[in-house]
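What follows is a pair of complexes built around chain A, which joins chain B in one and chain C in the other.
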Partner chain A sequence: MTTHELVVMGASWGGLAALGLVLSGLPRDFGAAIAVAQHRGVEPADAVLADALARKSALPVREVHDKDPIVPGWVHMAPSDYHLLVERGGTFALSTDPREQYSRPSIDVLFESAADAYASRVVGVILTGANPDGAAGLARIRRRGGFAVVQDPATADRAAMPEAAMARAGADEVVALSEIAPLLTRLCGRVPATEQARP
Partner chain B sequence: MTADWTVRGTADVESLEIALLLEAVYQAYGYDFRGYSRGSLRRRLVRRMEVEGLKSLSALQECVLHDPACMKRLLLDLSVNVSSMFRDPSFYLAFRTKVVPLLRTYPFVRVWNAGCSTGEEAYSMAILLREHDLYDRTRIYATDMNQTVLDQARAGAFPLGKMQEYTSNYIRAGGTRAFSEYYVANGRNARFDSVLSDNIVFAEHNLVTDRSFNEFHVILCRNVMIYFDRSLQDHVLGLLHESLTTLGVLAIGLKESLEFTSHADCYEALDSSQRLYRRVR
Partner chain C sequence: MIPDEQAGILVVDDRPENLLALRELLEPLHQDVTCVTSGDDALRCLLNQEFAVILLDVQMPGMDGFETARRIKQREKSRYIPIVFLTAYSFDSHQALQGYSAGAVDYLVRPLDLGIVRSKVAVFVDLYLERKRAERLAAQLSKLDVRRRQALELNDTIVQGLAVAKYAFELGEHDQARAAIGETLEAAKRVLGDLLGDDRVDPGDLVREGPARVPTGHAPPIPGHEARRGR
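Up next, the complex of A and B:
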């Protein structure tokens, strides 16, 4: 049985393509829940990004509503214009608190709350971006015993975000974009579909 | 058992400190934040701790207990909920087409804007109702737990820099006028026409600890309960339910849901994607 139950991912500039590649590489029986904060403008309608990513992923991709349960094998997307937070007891919360690093959803907000709630059971992943958001959150994940993955800046559309994360938090693994999905599958294991919770 | 003098990681100590601090605030001042979602609450507490130049949340607890001025500053941090005028234009558009016709059937309309913070939503609703010639027979009760934000709301002044965003929201919300007709520039602020606040009553009310105080035809409580945990949400939904007339309209945030709550079967969706519900029992 694996110890990593939640993967939190943060991406900014170039994130749609990077997230698409990572999610398309994860198996249908992926063993952990995934939560994603992707910087973007206010979406005119519901779940634009979630729908785009769902077409590339074998896993269900859903936009989070307040107090939704954290479900293994699902990809939970932060809605546009809300922060996404992880609560103890296996649920998400949303907030409309001010932007952090000019961003809502903020990667730091997601990562820090995930570190508090999941400690060593969380994996944090920083992908491409032109903004230092996520560096403080990844540092908190490492301090609490979680696992930190940073996309190799050489393979990133924009290198500033992975570079900022490495400078502030360091990393347990720095890997090329194409290696992130196989690494996450090793870290989180695979669960036979019948054992996955499907509310 | 041998004593183990190491603590189990800083975040566990911190969550203990938060629980003790919230208990202290409740017992000393009567403000009850114990049922708030912890993630967002923690960020606000830590920010206040840092601004006060303190090293731990235990130190913040000491400060709050011995210095009421510190408690006042913390209360402001914990109660400000950022909003914008006509946030979620699609919601206001749906309100115009689906709720306004219902309100026309009432001789007098009472609206409760619960958790109004600095008043952006109350003024937006006043503008909307005015454009439909309903405002003269409407009273909007805009309530918040914090007197300081109510004073700000009463002043009706919002940063001039926000007006571009608000204008764009207003247009997408079905606004038919020039938005600039509603305010005058005053230094760095846009001061809104006092006609708009004529029928707004700003009053102190705490959703967690106070009771129902009137019966309303419309209750707006958008993106307020996201700060509460499930059991506090149920409690507050009960309070809103008691305060809503039969066939009255309840509006919650676009990412909130009545599903799985204790009152789910008391409401019918008027517009489910815009989270407009009608009380049916």
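Up next, the complex of A and C:
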């Protein structure tokens, strides 16, 4: 039985290549919804980042609009210049609250809201980055019974973010970048294609 | 064509001495006064010139002032030009009504009070010049608006294209990144072309000309040498 329904991922410096690699390793029938906060500059409204990652992934990659439902098997991207939050009703919310750790989207904001809404059913993943965003969020996920995965700093483009997360939150698994997709697939299981919601 | 700062005044009267007097009277307004002696000539003038106001004698042999006015009003091009009737006698109310229904905006009754004639014509000239000025401003504004939209489109094109290229590059898709940069350059050139018209240098031309300038080991051609030899 699958206990993890939502994977939240945070990435900063070097994160796009890492995200591309993780997403390309996930199977088409991946069993959980994925929400991603990737630090980036302010961009036009078009889903440029989502489109770029969609080329790497067997899963649909979508930029989130406010109140979008959380769909299993989909990759939901935080849009440029918005915080992405997980709500209890199985939906996302976007916010323009001030930046956290100089960032919007903030990884902490996504992770903390996911911890509050999904508790033990969420997996948090911290990837490469050069700042400590996500450490507090990952700590909250662990406190509420969720599962914490940190990219092995030795395999990270920038080690500061994984190291900060490990220092503050600890981790249930610290794995090489290439091992993250297989680990997530084990944690979240696979869903028969007929039960998958397709775009 | 009337210069922007001048208005045309059309004076129609079958008697040359009246025309001469009116021309002198209107001289101080420094506008472009055209005098004709018949309704037919007036209609001909209106075909290819714009006027701020028409002073139209009512009593003329052949086509009279009322009929001339009716024909002026029938044409789209001249329909909205104000017509002031000049008349040698006092109108009764029936005739006055006939004139207004033919499209008159006013009457001037002979003997003419010179100051009043000049003042009335000056009002129509001012209205006309003001309208022209407003039209010019509106045209300039709409041109600026088009340019602003094109500039915004250019900005979006470049920002969007570079974002696509940047992400493709970070994901290791170098061909995709190169293609995105190429497409962005092409799109930017298209929009810039619209924006600047012909006042531009095609960056592609510079790139294409580049290799030809690489020294080949032969003596470089002397500029103009080919042309001189050809003569």
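One rule holds for everything that comes next: the second predicted complex is superposed on the first by the 195 of 199 C-alpha atoms of A that agree within 3 Å, B and C clash if a C-alpha of one lies under 4 Å from a C-alpha of the other, contacts with A are read in each partner's own complex, and residues count from 1 in each chain.
In the analysis below, contacts are C-beta pairs under 8 Å (C-beta built on N, C-alpha and C of every residue); 3 or more make two chains touch, one makes a residue touch a chain.
It should be emphasised that the depicted structure is a prediction, and the values quoted were computed from it without experimental measurement.
In the overlay built on the shared chain, the residue A:Leu49 is in contact with chain C alone; chain B does not reach it. By the touch criterion defined above, A:His65 lies against chain B but remains apart from chain C after alignment on the C-alpha atoms of chain A. Greater residue coverage of chain A by touch, when chain B is weighed against chain C, goes to B. Looking at the shared chain after the overlay, A:Cys188 reaches neither chain B nor chain C. In the superposition on chain A, contact of A:Asp97 is made with chain B only, not with chain C. Contact with chain C, but none with chain B, is seen for A:Ala17 once the two complexes are overlaid on the shared chain. When the two complexes are laid over each other on chain A, chain A has residues 46 in contact with both chain B and chain C. In the complex of the two chains, the chain C residues touching chain A come out as 156, 159-160, 163-164, 167-168, 170-173, 176. Residues of chain A touching chain B in their complex: 45-46, 63-67, 79, 82-83, 85-88, 91, 93-98, 109, 112-113, 115-117, 119, 143-145.
Partner chain A is touched in their complex by these residues of chain B: 9-11, 14-15, 37-40, 42-44, 81-83, 90, 223, 225-227, 229-230, 233, 253-257, 273.
Residues of chain A that touch chain C in their complex: 16-17, 20, 43-44, 46, 48-49, 51-53, 55-56.
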